[in-house]
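Order of writing sets the labels: A, B, C and D. Residues in every chain begin at 1.
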Amino acid sequence: MSIANGARIVKESFTNMSRNRVLTITSIFTVFVTLLIIGIFGLFLLNISYNASALDELLDVKIFLIPEADVYTINALNETLNLDEKIISVEYISQEQAYEATKELFDDDMESLGLGADFLPASFVITLKDYEQVDYVVEMYRQYPSIYKVTYHKESFDFTSNYSKWIRNISGALGVVLATLAVLLISNTIRLTVHSRNEEVVIMKYIGATEARIKIPFVIEGGLIGFFGAIISFIVTGFIYVKIYNVFMNSSSDELFLTGLKIAPLQETLLMVFVGFIVLGVILGLVGSLFAIRKHLRV
Amino acid sequence: MSIANGARIVKESFTNMSRNRVLTITSIFTVFVTLLIIGIFGLFLLNISYNASALDELLDVKIFLIPEADVYTINALNETLNLDEKIISVEYISQEQAYEATKELFDDDMESLGLGADFLPASFVITLKDYEQVDYVVEMYRQYPSIYKVTYHKESFDFTSNYSKWIRNISGALGVVLATLAVLLISNTIRLTVHSRNEEVVIMKYIGATEARIKIPFVIEGGLIGFFGAIISFIVTGFIYVKIYNVFMNSSSDELFLTGLKIAPLQETLLMVFVGFIVLGVILGLVGSLFAIRKHLRV
Amino acid sequence: MIILKDVTKVYKNGSEALKNISLAIPKGQFAFVIGPSGSGKSTLVKMIMREELPTHGEVFVNGYDMFGIRRHQIPAFRRSIGVVFQDFKLLPNKTAYENVEFALQITGINRRDIKKLVPHLLKIVGLSQCTNAYPDELSGGEQQRVALARAIANGPDLLIADEPTGNLDPKTSIGIIELLGKINKMGTTVLVATHDSSIVNRMRKRVIVLDEGRLVDDQMRGHYI
Amino acid sequence: MIILKDVTKVYKNGSEALKNISLAIPKGQFAFVIGPSGSGKSTLVKMIMREELPTHGEVFVNGYDMFGIRRHQIPAFRRSIGVVFQDFKLLPNKTAYENVEFALQITGINRRDIKKLVPHLLKIVGLSQCTNAYPDELSGGEQQRVALARAIANGPDLLIADEPTGNLDPKTSIGIIELLGKINKMGTTVLVATHDSSIVNRMRKRVIVLDEGRLVDDQMRGHYI
């Protein structure tokens, strides 16, 4: 096909779209709505996953020091912990701090019980990058002579790790289901659109147009319908996400902040949505119309 | 319209559907897929809400008794608490139990510290029906002479209540968005279906059929398309939900159980889905075709 | 029965199909409209059945003013007219039988009568064998005859036929035009747009001649020149 | 050029449209197919352009065997035939100009030539004014002439016209049929299915007569009885 021919056929596709306005607009609208569903729920699922992963970080391991540990030992250990790549954060809790905390809990009755500030040991509270390494980390630091004891809440670890794993699995599965159903919806719409132009296809065949010559404008139209649907959905989805993102970002003081919910980063997420929509819209438009038209070509 | 006439028109609708097989099947399929999306995500959102509400129940209030409280006082209080409608569960923790729990925590160092079993007071742990009543409940029981102290973790309360409120709000909003988009998708499909039969509508008008006579078979067809789509989606959605429900119910020992996730009750949920689908499918089918055809009638 | 006053029709794309046509066709008359291709015959038919409204002028048919008629009156008005469209306009998802049946149904005739009438009508136009065929399974002439059967089905006051013999052989054409003559004798006003000189010359009825949208001739016992 | 051997066509719904037809139309011949409505003329046309396949028998056209032809050869085969369909089959979303243009485009003629050819073709059939009208904005006869312009556009080896004057007045009909005569003189085989006795009798060409699907007569210089 020459370039002039190609240009002519693209022009024909646009002309066809404007002449079948109701069909075109309705199909673009359907692609738009379908991708909007994908977008909104996809982002919802993404953020659930994101928050579930964030949960893992909340788990901490307590490292209690022996009462004899002096400032140098403590500093050295602090450094070791900070350098450990498996550890995300390190917090030192002195004997005094531990005592104050306990005192609060027992409503100042400690002193009446004759318990002094050295009643509790000093400790480090660390959080791990990957909760699956907890056993390894605990075992390692237990060996240190300056460390009296290493504790963590085994059940919380198990609970949280399972919980977030499940949430991510379910979200992932739902994402796949959603995408599949969207594929069905969009290709179905394209099929309806092509079906209602069956007459044209048949006439073209009767006057001797090759299958390629008949298909190409339809396929381009399908691609364009997918493309326009995708662009509109992206604009709407993006707009909604930016709004929600801003609510999250500006809510540092209000009740939303209290929940500890986080939101997935703006740019990466929008880029992902954009690419996903264009791929889903355009490819489905192209492939959908190609398949839809094949049946009508058998004359 | 006589009954014979009515029967004839219903028959005509069925005949039309079978003669426009591709259109009918494609539309039913679209309604099916759309409702399936609604079903799967609706159930997902419902269960999120459900689990978020369940979170509230995890919050507990501790009621510490004065050391002098005797068995009778304790029993009386137990009864009072159990009868209180604002309280869901009541658990008694004796001094010994409290001591054992603490001992575990401190790795048996208690005794060496010279702390006996009466170091900690006996207590009741109660959970509230409605977390918003916590202040009231706490204030009330503080008045009791046999109660030494009432404590609860204010921040957890605030966090959890906000968290679950937000989750329920978001789920609710998403549910509404989803339903709206489904309405658009289904009525769009019906519009495409009617559009491609424009010719028929125009011919009927030209030979003098009244608008009602033209509309009614289309509206019935729309309703039937919605109905069949709804039934198929219900079967598939129901099947999936029963499967998932059984996984939850039979997982008492494996890792899923650990997460503490719950699933909304089977029968009520399925009933809700069924009613929702039928209403959404049939009403959208009827109204959608009614609106779609109106434009074509202006000749 | 049909009155056109100064009717001009300019289509949206600018083509002037009728120019200042004034015309009266009294009740019970049989009239031909002839003229070359594109002269406005079908447009005239469309004015009369209110498929299109005139750009200027007035049209009265069966006592209805085409501009003043209420939306809800249109169906009854159209049922009082039987039309054979040039392109047939058969319902594509209904068989020959059902197409005729539908025209009867909408008049509210009871089912028993319909069951007797439809085969009778199809027999009149010579289509007893193809009653269960869909339009796209019928030959051109067969479709045309189904359209005619439908148009005469409910005994209209006015019968308009736009090239009713365009796809028919001479013998069948004569049969059809004689049928129209019979219907006219029973009191129905008949208007036939045609280019078939033999049937026009055979009937010796009123002949209205259009050319490029203008009424150029109108003879009471005319013939095709 | 066209050979039918023992061709029988029974449609899916059971109607027997052609019964044991054997026929040969040599290259360069001009032939009419006549017969009453429903006699199988259009079905014969459908056999030749492979719109339908025969139930029994063989069909050879322009050297292609209708059963043996490969899927990818069909477009080229059909481009070697020009067809005027009884129901026109114009592309509804293309204007008169574009309908003719499309037929030229698919043959791969270059754009400059197309730009000259299309107006020329439309002028030949007398449609210079309506080039930008869509089919539903054209009168019946105008649509028929667009279909004719499209059929002759790329100088086919074989021209088949199914009732090409069914919607035309006698004068235009004669013009059209003389055009077909001219095209035939330049070497194109022409087959016209018609019921228009005047054009058949005017031309005195071969006349093939069908009745109820049977070939009942075949005269070299025949006329319409």
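In the analysis below, a residue touches a chain if its C-beta (ideal position, glycine included) is under 8 Å from a C-beta of that chain, and two chains touch if they have at least 3 such contacts.
Bear in mind the structure is a predicted one, so any value in this text is a computation, not a measurement.
Touching chain A and chain B at once is no chain at all.
With steps allowed only between chains in touch, the distance from chain C over to chain D comes to 1. Set against the C-alpha centre of chain C, every other chain centre is closer than that of A.
Centre-to-centre spacing of chain A and chain D amounts to 62 Å, using the average Cα coordinate of each chain. Averaging Cα coordinates per chain places chain A and chain C 66 Å apart.
Contacts with at least two other chains are made by no residue of chain A. If you sketch which chains touch which, the chains form one closed loop in which each chain touches exactly two neighbours.
Looking at which chains touch one another, you get A-B, A-D, B-C, C-D. Those residues of chain C lying in contact with chain B across their complex are 49, 51, 74-81, 83, 85, 89-93, 102-103, 105-107, 111, 150. On the side of chain B, the complex with chain A involves touching residues 22-23, 26-27, 29-30, 33-34, 36-37, 40-41, 44, 107, 113, 115, 119, 149, 158-159, 162-163, 166, 170, 174, 177-178, 181, 184-185, 188-189, 191-193, 195-196, 255-256, 258-261. Contacts from chain A toward chain D in the complex involve residues 4, 8, 16, 19-20, 199-200, 203-211, 213, 299.
By the touch criterion given at the top, residues 11, 13, 15, 34-38, 41-42, 86-87, 129-130, 132-133, 137, 139-142, 144-145, 162-163, 166-172, 195, 197, 224 of chain C touch chain D in their complex.
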